[in-house]
Amino acid sequence: MKTVKIGSVGLGRLGYEHAKNLATQIPGTELAAICDVNAEQAKKVADELGVKNVYSDFEEMCSNPELDGIAIVTPSFLHTQQIEIAMNHGKHVFCEKPLGTDVQQCKDAEKVVEAHPDLIFQLGFMRRFDPSYAEAKKKVDEGKIGKVVLVRSYTQDPRSTIEGTLKFAPHSGGQFLDMCVHDIDLVRWFTGANVKNVWGLGDAFEFDLYKELNDADNAVAVLQMDNEAVGFIFANRTHPAGSNVETEIIGTKGTLRIASVGAKNLLEIIDENGAHQEYYQDFLERWHSAFVAEMTAFTNHIRNNTKPTDLTVYDGTAVSEAAYRCKESFESGRVVLPIR
Amino acid sequence: MKTVKIGSVGLGRLGYEHAKNLATQIPGTELAAICDVNAEQAKKVADELGVKNVYSDFEEMCSNPELDGIAIVTPSFLHTQQIEIAMNHGKHVFCEKPLGTDVQQCKDAEKVVEAHPDLIFQLGFMRRFDPSYAEAKKKVDEGKIGKVVLVRSYTQDPRSTIEGTLKFAPHSGGQFLDMCVHDIDLVRWFTGANVKNVWGLGDAFEFDLYKELNDADNAVAVLQMDNEAVGFIFANRTHPAGSNVETEIIGTKGTLRIASVGAKNLLEIIDENGAHQEYYQDFLERWHSAFVAEMTAFTNHIRNNTKPTDLTVYDGTAVSEAAYRCKESFESGRVVLPIR
Amino acid sequence: MKTVKIGSVGLGRLGYEHAKNLATQIPGTELAAICDVNAEQAKKVADELGVKNVYSDFEEMCSNPELDGIAIVTPSFLHTQQIEIAMNHGKHVFCEKPLGTDVQQCKDAEKVVEAHPDLIFQLGFMRRFDPSYAEAKKKVDEGKIGKVVLVRSYTQDPRSTIEGTLKFAPHSGGQFLDMCVHDIDLVRWFTGANVKNVWGLGDAFEFDLYKELNDADNAVAVLQMDNEAVGFIFANRTHPAGSNVETEIIGTKGTLRIASVGAKNLLEIIDENGAHQEYYQDFLERWHSAFVAEMTAFTNHIRNNTKPTDLTVYDGTAVSEAAYRCKESFESGRVVLPIR
Amino acid sequence: MKTVKIGSVGLGRLGYEHAKNLATQIPGTELAAICDVNAEQAKKVADELGVKNVYSDFEEMCSNPELDGIAIVTPSFLHTQQIEIAMNHGKHVFCEKPLGTDVQQCKDAEKVVEAHPDLIFQLGFMRRFDPSYAEAKKKVDEGKIGKVVLVRSYTQDPRSTIEGTLKFAPHSGGQFLDMCVHDIDLVRWFTGANVKNVWGLGDAFEFDLYKELNDADNAVAVLQMDNEAVGFIFANRTHPAGSNVETEIIGTKGTLRIASVGAKNLLEIIDENGAHQEYYQDFLERWHSAFVAEMTAFTNHIRNNTKPTDLTVYDGTAVSEAAYRCKESFESGRVVLPIR
């Protein structure tokens, strides 16, 4: 099996997760380089994970001829320019969501990807690689639930970490852009349709900061798809039980639910409150196997010279566009905006 | 304990359920009269349940001085006129939902009720009397889940009975009026707020008849309440597992779910498909204890000379009005209509 | 429908439940008489439930020619003599468990029942009438799970009521006789076999009183049935979540579980502990519908002149005998005692 | 981080799982050698996993000075002699269960381990490393459920693979030795006690071959521990839903359940049968993370020069001894045998 060599940029919390997975969890893969503006952090991680090449300049890393692909796990505003640099150096690219910070950036990225038809481009919609989500999609594609009529998807952050969340709030882009993009991706993926109309609702029910930011601590987005299926998305920052993402797909012949109870394991506890299961407390823990699976898919594509067929750069644009419309709808008070 | 005497009108499927409950399940209560346009059916039920007085004329039954109250379980278009007749004869009234077939009828009913301040009027929103829903409401009122931000409520009819459903479809009033009124009542009850804006979506995904009727086999209604809480309502006619009503109430500090799995009992079956629980197949079976509880409440009000405090004729009007707006929104393709 | 008239003796907690059900919940049935040594309590209940005849002498009640059947809900030591009195007066008999306080009493009762072949005798193994248990039995009889190889049955009392339980302990007969008889009945019912060998285990893990009484606060009984199926029974007095009875039936082709989570209703609560369901706190609440169903069956047998076919006086003897063997095994430290 | 180098012997189904995990899933670990009597298979796996050294002679592999530890995943009858060879060559040893094929072998292994106090010895009771089991143990140790009074543990093989199971049956050692050892380990681990008395029950309910082998297709073992806690173990070969291991730990103050529903992921399917979750079909899939975790623990012990404190060679002996007593009890028909 040919060893695939990856360089990874960005060593924040998620960047470190990807780096560690690339270094230790994916057969036939070598994390051959890492890059971060924080040279000290890059050095430390390189030592821990046994990475040979350490960079603080992204383009320099991309110039390393040893590397097959680049994993971009940097702040969002850097994504599109780094995609361009990496591809111009002939590297396959894995890029974390979102594709860009506005629709124009996304469309620019589309052009870059189109200009390099031989290179693989994969977006970090990792939920699709989670075993439960992947199996749900398989059942939908097999027609097990008939036509999809409703996709309901919740992303809920633990109330216990609200302090940190509030600090980050002014720079997050707001719930629709920061939290809902994964859910919008799922709605499009499971319905096989594009967004036609949206309505953004919700309010700052408890934390005034969100009101100041013209944002919500509990936000709702309703998507009418162009095949009349409906997406119902809910994002909140005040979930009591932990970090929870759940999705329901209702078809004309059956229903699938993922994480209806978001139990972190198979342990059930019976105490004076009855019987309960504990939730994941942390999204990295929840999605660990999905992060490994998406990188495994990426390195397999490189090794086998294949491409993701149903996860393209255009999905990144479409999701971002829909998220912006939700935000506009919510902010304007006007209730629905046609897309395109 | 004073025996409360009730006359019941309408002996269809639900009418028979109420009659039987009044005759056999409610301590201190006597089903003293029944009335139906089908005299033969009335006679048969009277024999079975040991009812002394049988009528085919409603006003004649209301003239019986022995009766304390009247239960109206007739077709919707008769409700308001029968409320008026009963109250004019000094009878307390229990009336099945909906209050009226249009908003004007509801407002007329309001006036009748206002004109008889000494008489009890109770609407058949029986879900409120189901033990699970009643306990959920108690926890909400106690502040256990903080502020209510989202109420999601599904009413799903079994696909197995679709033939009968389709036959009834042209006369049902459509999903929003026929199915969603209970859910709209729950949204108002749990949020403690009124409907501000609505959006009706969905489609006839499988049964063309609904398209011809300008209706949906899978319908969605989104309610923006006047305190910014959101109601999300889904009604479908194609539920594979049985008759299912489920409701979720998300608050800023906790979440309550009723019938997340609509198991008809405590039996779990492990077979080659894994572990599963069977759903209720029939709404009368699902709501039996709620039907008993609401009639028990009605007869207790009569005995104790009390009134329902949070279930009034105005709730009936508000729910009907919201249901009509959903229908208009769905039919017009225009997406949202302000109420009032 | 012929009205069946019942006289009920014993107005303790369970006696009151049965009396109230007979008076108000069972179509075609009249609670025509009650009897209790506490004349004041009998008078009070008679007033509340509208019972015409009140007795403090049991034989006097049995002499009332109006009565069709007698419900015996008195302390166990009175059961067999009251069965004899009632039957000698030509009354059908419903008797609460246990049949007798020792095996000899049970055998005496068998003779009484045999001497009155025209009279109905029904024992109070109400679990069989619970909707979940009844449906499990139906599936077993239909062969849905193949041959039954293991029946596991737990009876758990709430720790929250341990004070009262301890007070009652010296007069309870011990866990095997007091708690396990229902489970032994279920094991025999579901396996369709008789007990061959037993082993009683367990200990007073927390409450020394049980040690003094040569009893256990957590008791186990293992039953080897004469078809090699196994019964595993667990009784404890320290269940944190409420009053819980659960049963599992493992067959060669499937498994059935009743009350694997003993949720009292369909409400699920998501809070900082995860997702949980609340248990029944009280056995009367848990078994209400079963108590109604068994009395409905009893009065139907009287009306229709039929008899219970698979719940006979001999089941009462067999269950008591097995419970005594478990107790002997536990007390002697000798591990297994052949039965018969 | 020092790289730990392991040689692995035995490349059957489980042997391959361990080899692949050592080669690709465990940071800081190198699978530096593999050994199998089937040289071709060894070569093939070495190529796939990039293993440098390939052996068909076990002692030769143990002579490789590069290796820090040996993983023994061979047929049971080879375990003790291979432990001795490896330790005599100064290698740390991970050995799959069971320790030996009879108690004498286990005691011999104890002496070997005692003779090499500087070497690590770890037994393959991987369930302890499963996240759900590990967390249950943590809660027990923290006193969350009070004193442990009952441990119930089931090991169920899928009925769908019965053909292969039957072929293997004559060489399996029987259910008590082949399946129940893991459960016996769990009972000892969770109760913190030793086995005092046992009773083996069950029968060949469906497959005559087991009768011929004096074995059962559904086997029960009851363990009375020396602190009076009870272990209840059930092993069957006819589980309809898949590969299922579930365990319940009842304490005086709470209950823990692992895999009460053995769902393989977070997907729930609602179809005409109600709501269900699918089970794991294969034990390697079920225990993958546990296999990785136990090898991670083993290599960490080597790197950090620590030893497993509560999983020693003596646990292997005690478990095997108890399993033999269960087998003797079952075969003899005599019901209980004191241990020691």
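Here the chain labels run A, B, C and D in written order, and each chain numbers its own residues starting at 1.
By definition in this document, a contact is a pair of C-beta atoms (placed from the backbone, for glycine too) under 8 Å apart; a residue touches a chain by one contact, two chains touch by 3 or more.
Since we're looking at a predicted model, the values are computed, not measured.
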Treat each pair of touching chains as one step and give the shortest count from chain A to chain C.
-> 1
Proportion of interface numbers common to chain B and chain C (over half same, under half different) | same
With centres defined as the mean of C-alpha atoms, identify the chain lying farthest from chain C.
-> A
When the C-alpha atoms of chain B and chain D are each averaged to a single point, how far apart are the two points in Å?
-> 56
Centre-to-centre distance between chain D and chain A (centres being mean Cα positions), rounded to whole Å | 38
Taking each chain's centre as its mean C-alpha position, how far apart are chain C and chain D in Å?
-> 42
Listing for chain B: what residues touch at least two other chains?
-> 159, 240-241, 253-255, 260, 262-263, 268, 270-271
Given the complex with chain B, which residues does chain D contribute to the contact?
-> 159-160, 240-242, 261-263, 268, 270-279
Report the residues of chain C in contact with chain D in the complex, numbered from low to high.
-> 146-147, 149-150, 152, 159, 197, 199, 201-203, 205-206, 217-218, 220, 222, 224, 228-230, 232, 234, 236, 238-241, 250, 252-255, 260, 335-336
Interface residues, chain C side, partner chain B - complex = 1, 20, 23-27, 48-50, 131-132, 135-136, 139, 144, 253-260, 262-271
